[in-house]
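Take this structure, written in structure tokens, and hold onto it; I'll ask about it next.
Letters A, B, C and D mark the chains in the order given here, with residues in each chain numbered from 1 onward.
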Amino acid sequence: MTVTTDVRDTIAALRRQVADLHAELPRNQLVVWTAGNVSARVPGRDLLVIKPSGVSYEKITPDAMVVTDLDGVLVDGELSPSSDTAAHAYVYKHMPRVGGVVHTHSTYATAWAARGEAIPCVLTMIADEFGGEIPVGPFALIGDDSIGRGIVETLREHRSPAVLMRNHGVFTVGRDAKSAVKAAVMCEDVARTVHISRQLGAPVPIEQHHIDSLYDRYQNVYGQEPAK
Amino acid sequence: MTVTTDVRDTIAALRRQVADLHAELPRNQLVVWTAGNVSARVPGRDLLVIKPSGVSYEKITPDAMVVTDLDGVLVDGELSPSSDTAAHAYVYKHMPRVGGVVHTHSTYATAWAARGEAIPCVLTMIADEFGGEIPVGPFALIGDDSIGRGIVETLREHRSPAVLMRNHGVFTVGRDAKSAVKAAVMCEDVARTVHISRQLGAPVPIEQHHIDSLYDRYQNVYGQEPAK
Amino acid sequence: MTVTTDVRDTIAALRRQVADLHAELPRNQLVVWTAGNVSARVPGRDLLVIKPSGVSYEKITPDAMVVTDLDGVLVDGELSPSSDTAAHAYVYKHMPRVGGVVHTHSTYATAWAARGEAIPCVLTMIADEFGGEIPVGPFALIGDDSIGRGIVETLREHRSPAVLMRNHGVFTVGRDAKSAVKAAVMCEDVARTVHISRQLGAPVPIEQHHIDSLYDRYQNVYGQEPAK
Amino acid sequence: MTVTTDVRDTIAALRRQVADLHAELPRNQLVVWTAGNVSARVPGRDLLVIKPSGVSYEKITPDAMVVTDLDGVLVDGELSPSSDTAAHAYVYKHMPRVGGVVHTHSTYATAWAARGEAIPCVLTMIADEFGGEIPVGPFALIGDDSIGRGIVETLREHRSPAVLMRNHGVFTVGRDAKSAVKAAVMCEDVARTVHISRQLGAPVPIEQHHIDSLYDRYQNVYGQEPAK
């Protein structure tokens, strides 16, 4: 790999960011043991930064992160990439606006995924962040393109940045790694709340035009203006 | 805005208090990510102190807090006010004895809100703090007076300092910001306990005269005498 | 009150112990806000040490603890005793072997209490610690002897050191304050496990002679020999 | 006992490792109070290292750990061994490839155990780690070989490193103590997720050939290559 100094600096910054964001997963109770991973695209290059395989959360440092190409082949780093790298790589290859990907087996979202059931849009927070239901992707075995294809084909037909992979867990995407982590946190939060609501009856649906209006406002107005 | 030195000191103290109280929200597991906010009225002035929009809980400092008038218009501070400021402001404008407002999407309370179902008064702790059921307010879109009006109209007809806004989350009020935070913590606690109790059968109702007697005692006797 | 130096030392030690044990309540997620309290009998004296009313867990220090007689009347300390002091005092007065009392509204135990339903003995841990079901006491209002009488009358007919007071919460007793705290922790743990087990079917009962054998062994064999 | 310097060093290292691994139990919310224990076989010797009985998790140090033979008789250490030592010892005696054993009463796994119901293999994570359902062992009283025999007879007929002992709790095994702790963490995680999934319907089964393929891959490919 020939990389300019600029790209080296970018990768160094992404290693730090990706390592730091992994701390959000146990902090938000999205993972146990070494399960779960965060990656970031290297902008303008066919590269990604991801967690190595089977490394515990206390041992995650910027230096431990690995760099692969968009076929999941190791380009830089001393450890084997996460066994989910192929799925991350497939998403970056086929969704050019995605800059970050997160994978977890967070409890409530995975419980919906085990039933193969989408999370209905019955909270304003779901309308805000997901723009409608959180959809279910197919059952897919690890080891080839199946998981990546399942993610991409499902997300293309929805506004949601999260997909529940059947019998497996959650993948989320975002314009950067932090947005993908936020989507993973929000996905588990609404999966839990809707589950609990459904245990004692039927949540009231939100009308489609209200969902559209909430989604539009949140995507365009919420938060601080970006720094100029 | 022309403010005297006294008001400046009061606002500085409220910025500290409001910033500190935000730490109670994640500590009591009432919020994830940047959701949820606490505000305080500036006594004797048509002003309030509130959290800025989309700022993470670790970055909340007294200086980051913002001051708005009771139409939610920014008066002091460098960041945009919380997107829920209009609802807080409406409450202060129409409920003159309220000195603090809290908004969360805490899990169990929001689960009741998604079904549009009030939390029945089946625990002595609910009688103590809420004086009866915790009521449901209407579905309301963000962006105008709807949420504020829904809160005020619902709370006016109940002793409860908490209202479950349908498909949305919880608003609580108090004589000051700390009391409103306490109501938010208690609301989630009883929402959880009654939910769990109902999962395996019907909680025993408490007779109305017992509710009245518990509420009266708790509001007048509990806690330490205020310092003289 | 005339107290000898010995009693003063005992009380100082109990203040420390009771203050320290309060930290176990939030640590084991048995309480929110200022709810819940631990007390200890002053051995050989008609006195008890207890938490003051409405004080937050971070502000609990040995000096903040208060001493009352067995009618709940303040004997030493600067703050008002817990509003539950009368119930603790009644227990010490009528159960001479009890050296510690704990009161919480822990979620799962209180959920059983709200239905007025005893926790059945379907775990070896329940047989070990409680010797049978965890019973339900009557609905009782705060303000006179009712709660204390309800606790004592219920516990007298069971081996259990814990009683679920209807629509209210849990009281546990022990030979000292630490044992009562252990019973409160165990009570919530088994209340949670049996609740969850029951959600998807019927737990298998344990035969009475097995319960007897487990209880006998645990009360006499478990743990380290006391220091000589 | 005559031990060489080598064995002394091995035992010292195992005392540290076993003491450290106990911290994973409360950290992963698998235990309350003093319940739960981890042990390790001393390789090549008929000895094991285990937690003493009734000692709290904050007081666990390498020096507090005790060494027993494979009949559970104390060989080295100042405190009585865990009351579960006989069960651990029986497993080491009859399963020569097992190097670590863990026992907990973790909530969700114990809830399945109370119903005497195996956890079905409806998540890829269950296929990966357990190779099929997590089976139920018999009801057995503490005090003789019953628990140990129940564990060994059940595990021999399954690929699972975890067994749910009826009305009691969980035992897990591994090639070393860390692997057994991992199995205990994973067992509770999948017990929780499948429970929650089942609350609102039926999880989709995974076909047997997919289970076999996932198990085979995970046991042989996942993680980093062992250091050479």
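Throughout what follows, a contact is a pair of C-beta atoms (placed from the backbone, for glycine too) under 8 Å apart; a residue touches a chain by one contact, two chains touch by 3 or more.
Nothing here was measured: the structure is a model prediction, and the numbers come from that model.
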Intersection of contact partners for subunit C and subunit D: none
Subunit D against subunit A, contact positions shared by both copies (same if over half, else different): different
Distance between chain centroids, defined by C-alpha means - subunit A, subunit B (Å): 32
Mean-CA-position distance for subunit C and subunit A (Å): 45
Set of subunit B residues in contact with two or more other chains: 199
Overall pattern in which the protein chains touch one another (line/ring/star/complete/other): ring
Residues on subunit A engaged by subunit B in the complex (per definition of touch): 28, 122-125, 182, 185-186, 189, 192-194, 196-197, 199-204, 206, 210, 213-214, 217, 221-225
Subunit A contact footprint on subunit B (complex, rising order): 32-33, 35, 52-55, 79-80, 83, 105, 107-108, 110-112, 114-117, 139, 141-143, 166-169, 195, 198-199
